[in-house]
Amino acid sequence: MFSTLRLVCSSISILSMLAVTAAADTRREIQFPDIPGFKTIICDFHTHTVFSDGLVWPTVRMDEAWREGIDAIAVTDHIEYQPHSDYVSTDHNASYEVARPAAQRNKIMLIKGTEITRGTPPGHFNAVFIKDVDPIDTGEFLDAVGAAMKQGGFVFWNHPGWKGPELGRWQEVHQTLYDKKWLGGVEVLNGTSYYPLAHEWCLEKGLAMLGNSDFHQPSMHKRTETGDHRALTLVFAEEFTQDAIQDALNAARTAAWDQNRIIGREEHLAPLFNASIQVFAPHHKDGGSLWIEMKNNSHLTYELKRTGDIGPESITLEADASIIVRLESVERNAEITLEYTAENVLIAPNKGLPVTLTIPKQP
Amino acid sequence: MFSTLRLVCSSISILSMLAVTAAADTRREIQFPDIPGFKTIICDFHTHTVFSDGLVWPTVRMDEAWREGIDAIAVTDHIEYQPHSDYVSTDHNASYEVARPAAQRNKIMLIKGTEITRGTPPGHFNAVFIKDVDPIDTGEFLDAVGAAMKQGGFVFWNHPGWKGPELGRWQEVHQTLYDKKWLGGVEVLNGTSYYPLAHEWCLEKGLAMLGNSDFHQPSMHKRTETGDHRALTLVFAEEFTQDAIQDALNAARTAAWDQNRIIGREEHLAPLFNASIQVFAPHHKDGGSLWIEMKNNSHLTYELKRTGDIGPESITLEADASIIVRLESVERNAEITLEYTAENVLIAPNKGLPVTLTIPKQP
Amino acid sequence: MFSTLRLVCSSISILSMLAVTAAADTRREIQFPDIPGFKTIICDFHTHTVFSDGLVWPTVRMDEAWREGIDAIAVTDHIEYQPHSDYVSTDHNASYEVARPAAQRNKIMLIKGTEITRGTPPGHFNAVFIKDVDPIDTGEFLDAVGAAMKQGGFVFWNHPGWKGPELGRWQEVHQTLYDKKWLGGVEVLNGTSYYPLAHEWCLEKGLAMLGNSDFHQPSMHKRTETGDHRALTLVFAEEFTQDAIQDALNAARTAAWDQNRIIGREEHLAPLFNASIQVFAPHHKDGGSLWIEMKNNSHLTYELKRTGDIGPESITLEADASIIVRLESVERNAEITLEYTAENVLIAPNKGLPVTLTIPKQP
Amino acid sequence: MFSTLRLVCSSISILSMLAVTAAADTRREIQFPDIPGFKTIICDFHTHTVFSDGLVWPTVRMDEAWREGIDAIAVTDHIEYQPHSDYVSTDHNASYEVARPAAQRNKIMLIKGTEITRGTPPGHFNAVFIKDVDPIDTGEFLDAVGAAMKQGGFVFWNHPGWKGPELGRWQEVHQTLYDKKWLGGVEVLNGTSYYPLAHEWCLEKGLAMLGNSDFHQPSMHKRTETGDHRALTLVFAEEFTQDAIQDALNAARTAAWDQNRIIGREEHLAPLFNASIQVFAPHHKDGGSLWIEMKNNSHLTYELKRTGDIGPESITLEADASIIVRLESVERNAEITLEYTAENVLIAPNKGLPVTLTIPKQP
């Protein structure tokens, strides 16, 4: 009787939801171009479920990822903090096991992970690309990280500084991890918090920069392409596989993206900008003016401020849209270059990406 | 250490979510006027959590209710169907216990309930206003309903017809329940499905009409006032208490509302329409025309079609908005009445509510 | 002094609007694929300005076209109806002259046109691709159309039937126009009105089907890609030029699009559907089920209903989005074909486009 | 024939627009409470039409005002700048005459006005509540202002500083106007520009603060209540009449509102805040915590920052919504007061309104 009932009931839940929130099953891609040599993969390496202090069943994270255009996701329940344990199993591998079939159906790359949750310092650390959480559930912090590394895992420091700036300092334990080559990255973005100090560490020490949702609640994002999206990590990988993602993390080929801000290294963000923006030859002259179309093929709105001599003082290149810019008193037959800073593309704390808009000669 | 950690971790989850989906904590009221003698209370009597086949922790249902402007809600997990039982407790009272503190903090009336889940016939039945689910978990269907009634519960038939129209018929078992006065109502709306046959039964037999979300997934509704809301039951109650809600259900003083459609009895929907709509004296004459403002103070957009001799062929009175209607060739000093049918206010299957718009004389 | 003031004032108007409605200057493309042999060009052949009974300055139509992703537009002010003539010039060529510089700056193809506005019958007719409106301002209706043809114009019948179905009949005058080869097309869509009779005429007589906004008010459409767009004509042209658009009209290679409905001929809409939809090889097997991703690369949401034996009863392929469809009990190694009707793609009145979804074999 | 045609054509324009942009005819009120002794009236004193350098027919301004919930509006075309004069009448009173019937039908208070448009200094000045623009069209600037005053007009300085801060200074000519009591106010907001210097002048010299759209383009605002609104002036008037509005301007009882910021005097903004916000007695105690509901009955989202000892560090009171605030470790039986600054309510440049949230004792 129950197997019949199961079909029946699962179909009623699907049916009723389809009707009420039809968008649940529809995926809208997040649009970022690839950069030379690498594919741009959209990842969230930090989410929670009812198996620790999250508030959703693990399959919900897979449905959200599909809907929001995410390619790869880790479910990273706390090892040491399971406040629902009166009612929910404390099996550390359960959330991955429950999520896996949904990930396969939804064509999401599900990365196995967990959160090592200690006092500050050291703080909280995610271990991803692991095989089994149980050996990581051990008393000594360094043993726990070591167990993750032994499984071929990648370990990063979560939200440094969320307990106050004074507790978000690089301390001896972090240096130890780093010296052992056990620390692969740091969250420069967690939810809507940006940690500039972490941005600096990553630049200095060659660590991967991560941006993650750290979702506990259900995600409410619907039309992610309008700028309404969770914090995410862009990974620049050689292939569209988990192995290639991990290689990219190890090589620190990442950027972190929240709202309308992207944080990373100039070597990745400059080609990302150049692949995003098309500048066309002037389509019209009128008195001393040239009219030039510019198109942004990405889902990041770029906010530019002029640093050179010509062009409008500021230019907003809206996500997935085009604008027409008017240039006055310029030589028409030469190739024209406009110098700007992309102020919301941070290549270091308080330092926007310098960009050049090259306007082709009229044919 | 863990109690400290608990505070810390719960605050991070709150903080990160506040930032990313700030709307989560904000309530927007659903606007419906009271009707003479009764308060209009917004209720959802059918939702699920991880404790049966739902996909959210019970507190999420309380946060959704706050955000969406709902006054009273029941969590009604299946007794006989608990597909997460490998990982989640099968305690039938657990979802209520977990939800209760969140309901108190959020000022939501939490009604204790459960879903008695049998093959068809009889089908599925919700028991609400109960005290303990355990005695209802019994083999014989009639014993289960009897146990709910013994606790002072109210029992209604869920989604008749979702397994196909032929299975949604009124059968002997339903007559038995009815004869015992154990059947108080029927879902005329479940999610986005409307059951006209159930609408007829309720009219004939004096049963309460219910409209419920039957949510299994997280709710994605944000600005409910724009028409984007779950299926709900409007209860016309003497007071804003659980007892008064139950009295109203017993007296069949309810209506069911989905999207832009409301289903009920003329005796409740006529006063609801009249309390929603204000018609003002003409504010302007121009040649043979009068210009009249009409205002809709409710969150239901009324779609009117003319049945009388004067007025525009159709009038749309958008939710929480005003329009100006032009009347031609009418006597200016008389009180003018316009006869219409509100086509999306169903007082029987395929039968809209007849309404009269009375335009006051110019002062 | 005034030339300085002019610059100053035009810059304040641009500045203040940029700030308040920043989207005004941003173009979002309307996404439709090309079809084999032809480019898909987005056109509106029917708009008004203050030079007849419209309510905007002609340049506004060019700004709207840019913003909304329209490629080519005609401003077609009434010849015989100029209700603003107390204040505004009755020069029939003025709206084109005023609009032209804005069209050039905005990279919009501006097609010169006018509306020949007579009682019913014959009704209203647009003449587009003309050179001078003045010779068309003549007493006899046939002389007016003849004058447009002499200039190399293309003439189509506007909104047949808007004065009531009985006045929307094909009458002697229309047959005369047709026999002279002076009638090139008919509006099957005007604003939100669809004229099924006109759809039939076009199929029978080889006429172009047009869908136009007939805007008099300012356009309020912002994010056209979400389905919120004006009525438009899709033209399937050999090149992206005005001449090629006119050739396509003469060859009746058009379709009319409003909201979520497209009206045309099977020979154009079948390749448009096929170019819009990608079906991928199954990415997952699970028990007896296959999971298949389908992607819609167009801005039309396709509503499919099953006509064959396998597949879900209905499939909604949302605009610019992907879904995953589950197939049960099918042979895995064969190429699978699903037979459906696209119900909102009308190839004749009440007749949806038959489509086949071919699921590639697993590699 | 033409009178018939007129009816026909105007009906087609109405019909087609109703269908395509149905919202055009629907008004949503802007929600601000009255303050003790005064009604809060929503006004825009600065808009343009095709009769100067605007881009819409004057009736469009009346339709926009209706739709956006505006109570009173002035059309203020430039006297000295009429760039459409090749095609459009230069009659300075025409835009008022054309707009008037639409204002009457739409129940909008239409205030007669014009813009006196000179080089800087003196700059641009609006004269409103005038009777005839012609006498104001005179060579000497002071004569022009004098002519407006003679008609009982109210004159204010527009967008001081839009030609650069150095040109936005209070100069001799402004002092002359002020000494003659001819200068009644200054725009502290124009479109999205805020002029802090003007804010200071108004405080020092007792001038009315104005916030106006200065619209030249069509307005794109649809659901103004979500924060998407034009710059506006809130006038605190004794009655809902034009005379009372002018009295209020003369008494400087105004505030200027753009996006999510309001600019004015403490004596008006403090009672506006108090009338907007309801704080309820604690509805729940839990351990050492009290849970308190706060409701914002206005369409301004208030952003509060704590200045006192208790309460959350910051509180966002969203427009037309409620929140629940948790207080820890407070005495339960006393009346509790929370001290905050409303940072987006500017009572002077860089100075937010100090507010007290008084939590009633539990009953």
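Order as written gives the chain letters A, B, C and D; numbering starts at 1 within each chain.
Keep in mind that, in the parts below, a contact is a pair of C-beta atoms (placed from the backbone, for glycine too) under 8 Å apart; a residue touches a chain by one contact, two chains touch by 3 or more.
Worth saying up front: this structure is predicted, and the values here are computed from it rather than measured.
Listed by label, the chains that touch chain A and also chain C number zero. With centres set at the average Cα position, the gap from chain C to chain D is 39 Å. Annotation for chain A: no residues touch 2 or more other chains. Listed by chain label, the pairs that touch are A-B, A-C, B-D, C-D.
Across the complex, chain A meets chain C through its residues 22, 25-29, 66, 101, 104-107, 223, 226, 283-284, 286, 291, 293, 316, 318, 320-324, 326. Of all the residues in chain A, the ones that touch chain B in their complex are 1-2, 4-6, 8-10, 12-13, 15-17, 19-21, 23-24, 48, 50-51, 53-57, 59-60, 63, 78, 80-81, 83-84, 86-89, 91, 94, 98, 117, 119, 159, 162-163, 190-193, 213-222, 230-231.
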